[in-house]
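Take a look at the structures listed below.
Here come two complexes built around chain A, the first alongside chain B, the second alongside chain C.
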Partner chain A sequence: MKLTTEQFRESLVKAAAQIEAHKDELTDLDREIGDGDHGINMSRGFQAVQKELETHGAYEDLGDLSKQVGMTLIKTVGGASGPLYGTAFVKFAGAFKGKKEVEGQELAQAFIEATEGIKMRGKSEFGQKTMVDIWTPFHEALSQEADLKAAIEQALRDTKERVATKGRASYFGEATVGVQDPGALSSALLLQEIVEVLHG
Partner chain B sequence: MVNLILVSHSEKLATGLKELLAEMAPDTPILLAAGLEDGSIGTDASRIEASFDQLNDDGLVLTDIGSATMNAELALELYSGDRTIQFVESPLVEGAFLAAVLSGQSKSLTEVVDGLKKEFA
Partner chain C sequence: MDKLMQDANRFVSDMVEGLVLAHPDLYAKVDGVNVVKRKEQLNGKVALVSGGGSGHEPAHAGFIGDGMLAAAVCGEVFTSPTPDMVLEGIKAADGGKGVLLVVKNYSGDVMNFDMAKELAELEDIEVETVVVNDDIAIKKEEDRRGVAGTVFVHKIAGAAAAEGKSLAEVKALAEKVIGSVRSIGMALSPCYMPESGKPGFDLHEDEMEIGIGIHGEKGIDRKPVASVEAIVTELLDRLTAEVTDKKVAVMVNGMGGTPVSELYITYKYVAEQLKAKGYDIVRPYVGNYMTSLEMHGFSITLLPVDDELVGYLDAKTNAIGF
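After this line comes the complex of A and B, so read on.
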């Protein structure tokens, strides 16, 4: 499985469409266990990313693309998701620097670094019912060359049943069991589109 | 004098806090990076970074909850100017009071940071 600059660009355009399609669901989930702005914030950010991707000429490489997307997300998403997703893409930019395509363990390593970036920014760990609960099993599946789609679906199911212990949702305690974490869902939407282009 | 940068989700909250601080330490420069551009609730790394350009001395960043801290830390990483700026985790109101008073006593950034860490660690 190989990720080229053009494939990465394509997956992000598709992810923007997925986030737009799930905008209300993301907001409704966040209204239940947060401040109710996740869908709106993610939509604003990924619409800006889509515009950037469609109007920008060819990107030099994966690193260049990742950096532009990261800065756009930081500037436009707001909320907690802006710095978290922004940091993930800035970490991609470091891992992908100067590379037009990556595959195998090098690709897995980039996702490990992005996940570490999210954990560092949010001071979070796996198992706290956050987006980290999706990114971690994803990079593990990538490293082990396991079924990526199945890994995301399983991670979503597991995350839904956890108690939130990080971020605003943690104020809701036990009431968060059985409610999907909005950041986990938006992460799954993004990563699923990356899987699609990897399999393409 | 150490400048304070108050990072809050709410512009009203930060403006109110600035008023409170002016009573205690009228000379301490207070900058605000609060709310979003359109006045709505939220924090924004690029707005926080922009506030750093108004510093007239070293700066101390104080935040309210969650993403304010994330965005402040991100803004510090993005900042490429010459000022020394530090962030200390503390309750916003109490931390800002102590920092404003210490700054008003002409303490250095290191002394202000140590004072906050000692009080809120």
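After this line comes the complex of A and C, so read on.
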């Protein structure tokens, strides 16, 4: 499985459409266990990303694309999601620097670094019912060359049943069991589109 | 829910413009971003910068003034401002003696202000951060939210900065306040997000939420509505379990949709019950300081004070919100 600059661009345009289609669902989930703005913030950010991707013209390489997307997210999303998604893409930018395409363990390594970036910025670990609970099984599946789509679906199911112990959702303790974490869902929407282009 | 707004997308920018137009002698807007600053640039003093999501007015821009904040960064409603915006606030505020960021303990605010601090240091501006976590509704101390107690941090640290104290001294004083200030809030009805038009939580007419935050998030306990006297008893029982120093400043803060009459009614019971518990209310504050759009409810804040803190609370400020 190989990721080219054009494929990455295409997956992000599709992810923006998915985020837009799920905007209300993300917001409603956030009303359950957060402050009810995740869909609104992610929509604003990914609409800006889509505009950036459609108007920028050709990107030099994967690193250049990742950097522009990361800066756009940092500037437009706000909330906790802006720095978290922004940091993930800034980490991609480092891992992809100067590369027009990546594959195999090099690709997996970029997702490991992005996940570590999210954990560092959010001071979070796997198992706290956050977006990390999607990104971690995803990069593990990528490293093991396992079924990526199945890994995301399983991670979503597992995350839904966990008790939130990080972020605003943690205020609600046990009441978060059975409610999907909105950041986990938005991460899944993004990563699913990356899987699509990898399989394409 | 109807709101007096042209467009949800312009809610914050229209509010910021209106605020600056209403106080042209005191406030100015930073070009291109929703950042409000002192009209008169600080010089040779430590500058305080705060901010966060909007919807808490008069916090934070209304606390800009002599002896309080030098700039406030106004994010979207209940959404942390982005690092580039906070950086603009830091640059606009800096008077050459360093900048203290007063951040409320929400993961988004903490992360965005942290990234801004990293960016400002690249531009050789000395920046320190304090994080306010006064909301005792949350059990785990590290997860406690920053709510109305933040206003006392602005006032006391701001007065110390105006007096010419160094960045380290101002930070230490802010941390002294943060270490002892405690708050808890309640709501009879929720607030409505400008964009989605949805309430932060669904609450039945005869229910109330205890332990609400200031972002329309649900409270920690939901109960049948009780009398104001009984509500005050419940909140004060929780607060006085944590604040044992008897000489205190007290704030009864409206959540935005509470008539001032009800705030004074509430304060009467707060004052009576605190007195009965042996507390000496040195400085009372009643009003709308840290709101949550049109939420109907209030919070109580207790701050143990000594002569030093009372001096800073009493120091003059022209900030419109204090």
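Note that in this section the second predicted complex is superposed on the first by the 200 of 200 C-alpha atoms of A that agree within 3 Å, B and C clash if a C-alpha of one lies under 4 Å from a C-alpha of the other, contacts with A are read in each partner's own complex, and residues count from 1 in each chain.
Keep this in mind: contacts are C-beta pairs under 8 Å (C-beta built on N, C-alpha and C of every residue); 3 or more make two chains touch, one makes a residue touch a chain.
Keep in mind that this is a model prediction, so the values were computed, not measured.
Undergrad: Clash or fit: what happens to chain B and chain C when chain A is overlaid?
TA: Here the two partners, once superposed via chain A, clash with each other.
Undergrad: For A:99 in the superposed arrangement: first (chain B), second (chain C), both or neither?
TA: Once the two structures are laid over each other on A, A:99 reaches no partner at all.
Undergrad: Among the partners chain B and chain C, which is in contact with a greater number of residues of chain A?
TA: Tallying touched residues of chain A, the top partner is C.
Undergrad: After the superposition on A, what does A:172 contact: first (chain B), second (chain C), both or neither?
TA: In the superposed model, A:172 contacts chain C only, not chain B.
Undergrad: Which of the two partners, first being chain B and second being chain C, lies in contact with A:37: first, second, both, or neither?
TA: both
Undergrad: Is A:27 touching anything from chain B or chain C once the two structures are fitted on A? First, second, both or neither.
TA: Once the two structures are laid over each other on A, A:27 reaches chain C alone.
Undergrad: Using the superposition on chain A described above, determine whether A:82 touches chain B (first), chain C (second), both, or neither.
TA: both
Undergrad: Touch test for A:162: chain B only (first), chain C only (second), both, or neither?
TA: neither
Undergrad: Do chain B and chain C touch any of the same residues on chain A, and if so, which?
TA: Chain A residues touching both partners: 35, 37, 74-75, 78-80, 82-84, 121-122, 167-168.
Undergrad: Any idea which chain A residues touch chain B in the complex?
TA: It is residues 35, 37, 74-75, 78-80, 82-84, 86-87, 121-122, 167-168 of chain A that touch chain B.
Undergrad: Tell me, which parts of chain A touch chain C in their complex?
TA: 27, 31, 34-37, 40-41, 74-84, 121-122, 166-168, 170-172
Undergrad: Quick check on the complex: what are the chain C residues that touch chain A?
TA: 53, 75-84, 106-108, 111-112, 114-115, 137-138, 140, 143, 193, 195-196, 198, 200-201, 213, 215-218, 220
Undergrad: Given the complex with chain A, which residues does chain B contribute to the contact?
TA: Those residues of chain B that touch chain A are 36, 41-46, 65-67, 70-71, 73-74, 78.
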